[in-house]
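Multiple structures follow.
What follows is subunit A paired twice: with subunit B in the first complex and subunit C in the second.
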Partner chain A sequence: MSDENTISHEKVREEVINAIKAIDNGPQVLKLYMEMCARCGTCAEQCPVYYGEPTKERNPVLRSDLIRSTFKKHTTIAGKLLGALDGAGDFDGDMEKWVTQFYECTGCRRCATFCPFGIDNSVITRKGRAIADKLGLTPDTMKSVVKTSLETHNTDGASPEAFKSAIDFLEEEMKDEHGIDIKIPVDVEGAEFFYVPPSGDVLVNPEATTGIAKVFYVLGMQDNWTMSSKCFDGANYGLFTGNDTDMKADNKPYVDEAISLGSKYMFMGECGHAYRIMKMMMEKGKWWGDLPFKVVNCMEWTADQIEAGRLEFDKSKNPMPVTYHDPCNFGRSCGIVEDPRVILKATCQDFREMYPNRGENWCCGGGGGLSAMDDIHDFRMNVSGRKKMEQVKDTGAKYVATACSNCKRQFMQLIEYHKADFAVGGVHDMLSRAIMINGKAAERIDYES
Partner chain B sequence: MSNIEPETVTFAGKIYSLDQRGFLKSPEQWDEDFAEGMAEVQEIYGGLTEKHWDLIHYIRRKFTEEETIPVVVLACADNNLKLSDLRFLFPTGYHRGACRIAGINYDFMYKTNFWLTYETTTLQKEEYKLTHRGFLEDFSKWDERFAQIIIREWKLPGGLTDRHREIISYLRDFYERMKNIPTFFEMCKANNLDVDEFKELFPEGYRRGACRIAGLPFFG
Partner chain C sequence: MSNLIGLILPFITVLIFVIGMGYRFYIWTKTPQPGKMTLFPTPTPGGGTFISIIKESFFFPGLFKGDRSLWIAAWVFHASLALIILGHLRVFSGFFDRILINMGVDVDLMSSTGGGAAGILILITAIWLLLRRFALRRVREISNASDFLALLLVLAIIFTGNSMRFGEHFDLEITRNYFAHLFTFSFAEMTLPQSGIFWTHFFLVQLLIMYIPFSKILHFGGIFFTQSLIQKS
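Our next item is the complex of A and B:
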């Protein structure tokens, strides 16, 4: 038995080293990240994980060094000649440590914002995860999420029938709130906007979706948008496991569906990484060539409508102090920072900023897919989420609005774990409560301020 | 650490072990006593009603027969419940409230679908503002939950009984009309109460016991 182990151990080592060597022929940017780091430690100070627990294992430089040192040892001349003096060292074959460490980086890219060279440790983390994924070492939770998503096109594993009954239910809910029929169109060909939310915003916390439906209703555009009963979950965990094949396979059905529906806009919901994949990777990188539609975000669009004065709100429906948490994928990676603020300022009585914010906001501690992993629950609560809790407490807000399902799940658990006194929800949730239809906002009894 | 939930609970004399997140550890241990006991912990006062049981049995059925747990919107759609009905029935939410009372353990839910635990209910209820003596500051803010909290403080074995409710509503009624409290004897007479029974019901006495639990201000 021990023989078998050593063989596979050697093989694992070889594969890892080969994968790292391959970086030399890969994208220029990762190669530069391998060579450039001056080890100044700026990133460590800006890292939410290192802030939570300043130890060696949590330091982004040293985490990245798992790959970097091996890269230097095998590919650069300085590394080959000078060895440890140049920071080169060989991979020790400890894959357990490898996986733990790379699944302790939230991929928030805050380090990249502050690094004098602009080194983005999340790219290195993703490479590390990709190498683990090739060896089948991705944590089980992640594996199962990716599997469900590839099989059913949504991370909930819900069938089209289940989805339709959920939509019927939401239409009933809105009828109760406003006394009129507000439609959520499903599978309508030729609709201009094809709405792709995270599935949680339909099946678990549906207020964001009802908010969107109400905006379309008020604008008289009820027939101009649609959802798809097959593709209703933008979440794509291929980004987090580092597996490009999975990521593209997960993405393809959505593009196909948008084309077969004949939509002009792929209308992304409140999901940071889904929007980033569609906008920054798929559309910009031309994964599937030139597309007959544009990718837009629902918050951008709603904010435009508000600024044009087409929507009216009853702010008294949201009297509590509200703050906005910039999801890393929206704030840092896609530059959607002002739009959610426009929505919240229009719909809430007391909007407060959290500091720092926008592109410099701290990660909630559940980024990079960690939010879905309950096996590292304690780490997320005590280490990576620590800074966020302090930040929210400083604002005195009773409601944290954020446009990301992963952030919401992390926040929910933080609140529960630390017995904190605030609530969390989406941006369009606030809009859904305050928007006036025929001069009246929704009448609901279950909200507590 | 204070953040970790207690490992066992005792309801109706039976001990149930809980997992780290305060969910029933082994589903076989579930019975109706557990549901009733856990309901009170989940801020459902005055016992489980038929509507509660309908949803609980539905969850149990899904769990035992289909080995799955539907997400909140689908569960509501199946049971003809509005989301607001659900919040009324289970103030701490679907997965944290209803599923917990139905004895589903956390790991099972997490493995079935991690989005289940994504539900963002308001966990925190507003705390009652009390005077330095522990009396309710605002008479109108009284509700049954307040009485339940005080009863728990007194550690009465029977909890809040209908007899308590009778006397509380008498006191509140009286105060609302007269802006004063009845004398002890008036109160006993009106409620057909003798001193021994009173002591059993309100171990803390009249003004600091009965009047306090009824949400009346302190009369020195």
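Our next item is the complex of A and C:
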């Protein structure tokens, strides 16, 4: 190893240790987690990753110990006095191991639901990723998503023109389905609702977006909503790399766009982490002060319309057994659990719960941004996604509805890899197929499932 | 030796515990927490949150769902511990006896049945918790020496405590007398109990109490903090 490398290795060590020592000054949540764990092992029992393959590296406590041991050694009295007896130990400088392990936690927060103290290992994971990010060690797959998103305001790097032609295509599809013009308004100033989906719901699985367009059409609100040709992807990977500056920089254009459109509602699509950032972090945390609009969720809104009896459905269009997978960010982190069920029960003939569900649901195995990382495909298929496959199998469902592009991508790969006999899609997808317009549901029948 | 453990150490123990825990709580309260950590489902904000935090802290419903057998061991362990701590009030002063007797309670019977049962249950559950650390892979691989030491210390305390209850004659009057004088700083008139096992028990207890603020056992106070973090919406 050359001198230069040795120095940089030392420097890395120093930076990591300093970052860990700084936890002593906050945030409160991390400081508590450094000192409170009773080492009871309940989190491991409930972690999808440890379930998939119970090895030391995948035990949530030992992953969190990458940070906790060093914290103990440098800051706590017991750690200084008792040393290794108390589990204190210095950072060994192995950043490769560090990055691998912190990118093997899906950030699903399931551990926190069952830990007697509510310790949320995903917070420690995010800290670990943040430390790696500062050193430029975020995995390339993640880095490039963040970069693309910051440059183009969407994670696919799609241009406004590409977006518009995708929208044109969707309008044509709806014309084929219903024989009438159903609009997807773009860049309309003064529209009350500004729809922010994940880009996947325009470019990959666009039925959710047509579903929403149809709801507005039936309600006679075609002119009250809009999409933006600049901001059509709520996805924000700053949450996953632990980089708050990136997360806010990615978020700002959307807030600005909502303000410049003059919308009353930022109408979030079927994307768990995007909604969590907008609602729970940006709006509640007042990142940009008081705003002239409110953040709402499309499922909440549609469910309200259904409950008010404003929409009609032909359930026979969705005859197969359908189950709902609660995305961790919608269920545990935002509490949106009943609305998707209202929609699915209204639009499908055979809705089945998977168990456990809602706040206790198991992660798909692609949370925390892992779904986008093809470099850990095997891990996602065989380890983190294992429990999910078993859970779905037990329901006998032929269609898994879920409100998250990352979950969908993980599911699509799981299905292909395990040659499973079910399909995956969105919640409004089911609605799009069953909603009655002028007394008739869509004609088209060439759906995949 | 008993002078040291009986006259000086108790004050050091109380000092370390009170200052240690006070300092912890103070620091935790002061450490900034930008942003909320809300984890759903949440209780209804306000009073509901408070009740729910209390519920989590006393009945561990999350653990009940997460690991049933651990819940049984942990809950019985902690509930017995609470009973035993309450029972110890009798050793410090006859005051509580008088209240109970006035309420028509047969104090000796209550002590021998309730206290005796708690002593046995806590012994069983503490051993269970220790064996669990060896038996279950996911717990074994995360157990540090300090986790075993804390449990062994607790077991030693339980063992000496139980042998006073079930074994050698325990002189309540002399012990009460000792504590009464200790609490009022009247060292001159004090006669120290002469039981070796009493001093061992008392010494180990003090060791444990002093260790709490520096160990994971502080979770008995920290749980209110961590639970309110995820339950506030």
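Convention: the second predicted complex is superposed on the first by the 446 of 449 C-alpha atoms of A that agree within 3 Å, B and C clash if a C-alpha of one lies under 4 Å from a C-alpha of the other, contacts with A are read in each partner's own complex, and residues count from 1 in each chain.
Here is the rule we go by: a residue touches a chain if its C-beta (ideal position, glycine included) is under 8 Å from a C-beta of that chain, and two chains touch if they have at least 3 such contacts.
This structure is a prediction, so every number in the text was calculated from the model and none was measured.
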| item | value |
| --- | --- |
| Which superposed partner A:Gly335 touches (first subunit B, second subunit C, both, neither) | second |
| Subunit B versus subunit C as contact partner of A:Glu189, first or second or both or neither | neither |
| First, second, both or neither for A:Glu161, with subunit B first and subunit C second | neither |
| First, second, both or neither for A:Arg409, with subunit B first and subunit C second | first |
| Which of subunit B and subunit C A:Glu151 touches, first, second, both or neither | neither |
| Which of subunit B and subunit C A:Val204 touches, first, second, both or neither | first |
| Common interface positions of subunit A, toward subunit B and toward subunit C | none |
| Contacting residues of subunit B [partner subunit A, same complex] | 3, 71-74, 76-78, 82-84, 87-88, 96, 110-111, 113-120, 122-126 |
| Interface residues, subunit C side, partner subunit A - complex | 27-28, 31-42, 56, 60, 62-63, 65-67, 70, 74, 136-139, 141-147, 149, 214-216, 218-219, 222-223, 225-227, 229-231, 233 |
| Touch list for subunit A against partner subunit C, complex | 25-29, 31-33, 35-42, 44-46, 50, 54, 56, 59, 61-62, 65, 76-78, 82, 84-87, 109, 112-120, 123, 280-281, 284-285, 331-335, 337, 358-360 |
| Interface residues, subunit A side, partner subunit B - complex | 141, 144-145, 155-158, 162, 165-166, 168-170, 172-173, 176, 199-200, 202-206, 372, 374, 381, 405, 408-409, 411-413, 415-425, 444-446, 448 |
